[in-house]
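For clarity, chains are labelled A, B, C, D, E and F in written order, and residue numbers in each chain start from 1.
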Amino acid sequence: MELQLSTWPEVEEYLKRSKLIVIPIGSMEQHGPTGLIGTDAICPEVIAHKAGDISGVMVGPTFSVGVAQHHMSFSGSLCLRPSTMIAAMNDWANALAHHGFTKLVWFNGHGGNIATINAAFSEFYHLRNYAPANNGERVRCTLRNWWDLQGIAELCAKLYPEGHGQHATASEVAVTYSQYPERQRNDPLTPKIAPVRAPFSDAADYREKYPDGRIGSDPSLARAEDGALIVETAARSLVEEMQGLEA
Amino acid sequence: MELQLSTWPEVEEYLKRSKLIVIPIGSMEQHGPTGLIGTDAICPEVIAHKAGDISGVMVGPTFSVGVAQHHMSFSGSLCLRPSTMIAAMNDWANALAHHGFTKLVWFNGHGGNIATINAAFSEFYHLRNYAPANNGERVRCTLRNWWDLQGIAELCAKLYPEGHGQHATASEVAVTYSQYPERQRNDPLTPKIAPVRAPFSDAADYREKYPDGRIGSDPSLARAEDGALIVETAARSLVEEMQGLEA
Amino acid sequence: MELQLSTWPEVEEYLKRSKLIVIPIGSMEQHGPTGLIGTDAICPEVIAHKAGDISGVMVGPTFSVGVAQHHMSFSGSLCLRPSTMIAAMNDWANALAHHGFTKLVWFNGHGGNIATINAAFSEFYHLRNYAPANNGERVRCTLRNWWDLQGIAELCAKLYPEGHGQHATASEVAVTYSQYPERQRNDPLTPKIAPVRAPFSDAADYREKYPDGRIGSDPSLARAEDGALIVETAARSLVEEMQGLEA
Amino acid sequence: MELQLSTWPEVEEYLKRSKLIVIPIGSMEQHGPTGLIGTDAICPEVIAHKAGDISGVMVGPTFSVGVAQHHMSFSGSLCLRPSTMIAAMNDWANALAHHGFTKLVWFNGHGGNIATINAAFSEFYHLRNYAPANNGERVRCTLRNWWDLQGIAELCAKLYPEGHGQHATASEVAVTYSQYPERQRNDPLTPKIAPVRAPFSDAADYREKYPDGRIGSDPSLARAEDGALIVETAARSLVEEMQGLEA
Amino acid sequence: MELQLSTWPEVEEYLKRSKLIVIPIGSMEQHGPTGLIGTDAICPEVIAHKAGDISGVMVGPTFSVGVAQHHMSFSGSLCLRPSTMIAAMNDWANALAHHGFTKLVWFNGHGGNIATINAAFSEFYHLRNYAPANNGERVRCTLRNWWDLQGIAELCAKLYPEGHGQHATASEVAVTYSQYPERQRNDPLTPKIAPVRAPFSDAADYREKYPDGRIGSDPSLARAEDGALIVETAARSLVEEMQGLEA
Amino acid sequence: MELQLSTWPEVEEYLKRSKLIVIPIGSMEQHGPTGLIGTDAICPEVIAHKAGDISGVMVGPTFSVGVAQHHMSFSGSLCLRPSTMIAAMNDWANALAHHGFTKLVWFNGHGGNIATINAAFSEFYHLRNYAPANNGERVRCTLRNWWDLQGIAELCAKLYPEGHGQHATASEVAVTYSQYPERQRNDPLTPKIAPVRAPFSDAADYREKYPDGRIGSDPSLARAEDGALIVETAARSLVEEMQGLEA
């Protein structure tokens, strides 16, 4: 069930049986020469929608632009200041809490968002502790990265014993290809497996260390059918976890 | 051409031939008993993507949650504080300007966003006037509401001589049905045409005046095929306008 | 009745019979070679004070600096960032609401303020919806531009069949001359009627398009006696509208 | 010379001979049973305008609402959050600096503003130190309270050997009566001289300690003709100081 | 009693007998060629801790970085924007108020902090007036500069009849030497007594006027044993004042 | 070398040989019935100072209050909103960068700070990418938690094979006892080893799950001599890491 494809009476109805909502949260940023800029938004969105189809859980709109300062030297990358993202996530959370949602699962597709998402949760809990809005019911925010779901690491290791990588990974690229098969690309990559170097800091430093944007990955391994399998596996794990939270 | 479905080298390439990007901007808010909460995001998104398909213009990710304070008494509506929206829009605009986009067309689906979008433009121009980032090239933000495009008002008047309305309009609901035909609903509406009353102020006032959320509309008139026609017409008008801006 | 010329017991007394206050809101910005920088603050102030004299309605201090980023290439123009203006207007509104005013009429003299004023209203309603301050009584903000008052457009069309214009208009300049006759100027203007061009964006763009600051106007038509008539007409219309709001 | 009554070419001309501007800054707050809410804005405004008439110095619009949290238990008092006031003052200062003003004299009428004005100066200097806007010329902000001008303390001591007081003082009330003689009031005050107690903290505390709003004063001593003398004396001192700053 | 050296049950116990806490607040900024950058934090910290030892009053952690924009041209000086400091002080104050502290004594070591501290108090009172957090008990913030305590001015005048000065004073340097005797320095200073000039504005102006950082002082007079006497005297005065506040 | 115990010429001298500074960063929050509220600030401070003594590296003042929203139901805990902490850390970082420090090592003692510290780094890099202040040299922020230093995990496992825990750990309490032996406490704890439960969310949830504040730990195991050993080990590891960064 998608919030954006629901009517308000349907949401009202849903809230009688569940207070849980899954909010895909991603980023717009370079994903190497062959990966899509929307990769980190598309992955959690596709998995969450599949999970919604399976289980009927409510899925919110995708929070699609995150904190990607280190990718800003590659054309097309967008970035929120972390303080802006904290403000925006709190606006979303307060609105959802206002309607009675009490279990907000932020389903994340971008490692660079993790810190700011957690900071936003602290801001939310802290302000709400002083001034519990509306009915004052306890609201819980949960962060879940799609690649941490049960079964995903094993699956990726099996699919890509080498060259899975850390950014523009074979698995995330495969997920996007499964959703947008027409966007699949077969450009040769040089080197085939991108290097892994010392941690980066700012955008200039990142580009110097990773000139084509990839870290440690060979996304030419990505196949749409593998992506579909990853989505299926992730969606089932997510459903199971949501059922745990509902209990 | 969609930013989120492009690679960074494709964006870099695009920027050699055009500096223009269309950014759909909408809202998550109730649209009456039968309209979708995402209506105001879906409409500009669908039209912009169609325009992108026709013309090759770059279309950014959809800025999907806007200022909808007056809809907050209906389940599922989300809302950014205007000051948050100004901050977020400026983050997007600064990132795009950093990459060399100089014509940012915010393609809007929600009347309640217009004030804040224009305020965000002023904030952007004012700060950039004092401290022109990067290369200092002039960047122009343009607001375009989809319903104001050439030919749309006439088409709606023809399609819905009565009951088009002001919120949860027949035309916007038709556009969403054309995109999501499975979400079409045939619930009887009472009254068939919603009332139009004195201007509303806050969320409580809105709900008192418009108890089912509609203003002046009869969205039961909405047909998917009409929606498709509206999308087609709007996309062609948008393309033409963009060509004017490119010139 | 002017708030700044009242004592606190007088305000307390006033609040027993009315909850309405009119707040003139303007801008400090160039108004062409012969118009005053304070024009947009002076016009609503003069009209509101006259309306206060006629009817006894409370008139607040003038919010005199607004959003005028596009005029910043002309000496003496001031500008608030829209986010600052939203914060300041909310401070004013919260203070007035704290004392029991529930009908806040922002009486505007500057087109460039409209977007930010409406954004500020949304911010006010939204935050108050979550945490209704004090007694929680519903507070309503209204925006009224002086040039939109009943009878003004007709009067201006009659007074200035040609050359009324869009910025540094004959009518607004006439209003300032009626209040400050010693500031009347007779400098020849070239061209006599300023051009109207494509919409402007930032300050540099405005100055390029409108090198002397005027848009479409011939303020040499402005006469103090016409200004007095405009003020009189506008004040009477404002009083009538306020009586409507009071009812 | 008043900024709001000048044209932009006049300001441009002025800047060729002087970079100095005086900005009256006050407050809207109770001033006892007989004093005007606008007293602290009116006093610096009247004195500055007189000084402008004498000397030709540029006088900006009055920053009329300040920090008056402790007066908020009296009807009609307004208050900016200090953080809002810092933002707004920086917007004004940056705009003036943009045009080439380098000597900004904030001419103050409210003791409660002093802390925030000085904090705003620090914010301005600090940010400008990191990123000197525009031409990078050094800009200096000066705070001057009207009651600290040469000759004022002596004059007040002579005029009001007893009952001058600390808030709703005889002298400030006299200045307002000199400007608005029709607003003079003769209500009996009880006690004739208001008490002086331990320092106040918040609005409730202030009202408990000073139930009619006055501190230590007997404003029934205020006479319009004394006010005129104070204005004259203060204006001449201000002119002399400004000449010192110009040198 | 130090908050940071207490357990939470000890704080809970303390709050049964007292609601008062002393919070040392200082700055990190140059103090001339021989004074420590932490001088303004160390002085109130040492005195407050001594007062805590004598009387058992609770002493909070030291708020060690303040507003020192004018010292930024000297290596090692730090500075908060005033608006940041207001936010941070309000976070501290709200947390303390949440636990039941109602008498917050900010014990200051830096003249440049005074304005922002007072602005922060106004922000705190104002917001709390609208939305009294938690139990709504009245909370009072007090600012006390250590050099204003009973007996200090006299003692300094006696110890340093000449060369005490205004910045990098003999007395503050002596206090730091009493605490950190190994940091005492005997560098010759030129001139022996630093000049006093016209008021400074920004960092560049300060450095031009006071090239080695001192204002009017000869810190070579500072002796650790004098510092110990100052600390002793100040601590006893502070204890006495706190007893007055407790009464 | 401590910044707060240095003079500005000493800092200037230091910057000729190194651009690195270590900034201890902690929290004020409950650490169980026997642990000190300042534990998370004391640990990194003590270790960093020891490392500074050994190696001469510059150590900044301790950023002593962090994000501890989940501890707010225990008396004495303080908390910054994450957005405030981001602002304050950026102020510190900009000031240090202004003086020429380019390697800022934030040496952390509180797990709850990690997210906000990383968010603050992103804010810093992002803003600096658009507008590189001053000389534009690249500045790198590094986060290092003391418990992650080489050798610490092994040492703790050896010292406390059971009951080390996750909050109010035996090791962190031992470090504070080594520094403040007089604050050692021998209260019996019930249960001896605190429970570990499902992840907590807000302050009320934390207190319900962990009624005395500890998570999984038996801090009665803490011995001052063990603490000294931990400090020594950590300081040597820190020095080694800093030498790596300097290289």
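Here are some notes:
Note that in this section a contact is a pair of C-beta atoms (placed from the backbone, for glycine too) under 8 Å apart; a residue touches a chain by one contact, two chains touch by 3 or more.
Since this is a predicted model, take the numbers as computed values, not measurements.
One inter-chain figure worth recording: chain A and chain D are separated by 54 Å, centre to centre, where each centre is the mean of the chain's CA atoms. Centroids of chain C and chain D (each the mean of its C-alpha atoms) stand 24 Å apart.
Here the CA centre of chain B is 47 Å from the CA centre of chain F. Residue positions of chain F touching 2 or more other chains: 72, 79, 81, 83, 87, 98, 131.
Taken as a contact graph, with one node per protein chain and an edge wherever two chains touch, the assembly fits none of the named shapes, being neither a line, a ring, a star nor a complete graph.
Taken pair by pair, the chains that touch are A-B, A-C, A-E, A-F, B-C, B-D, B-F, C-D, C-E, D-E, D-F, E-F.
Looking at the complex, you find that chain A touches chain B at residues 2-9, 11-12, 15, 28, 30-38, 41-42, 60-62, 64-65, 72, 74-81, 83-84, 87-88, 91-92, 95-96, 98-100, 180, 183, 185, 213. Residues of chain B that touch chain D in their complex: 130-131. On chain C, the positions that touch chain B within their shared complex are 67, 69-70, 72, 79, 81-83, 86-87, 112, 114-123, 125-129, 138, 140-141, 201-205. The touching residues of chain B, when paired with chain F in their complex, are 94, 98, 131, 133-134.
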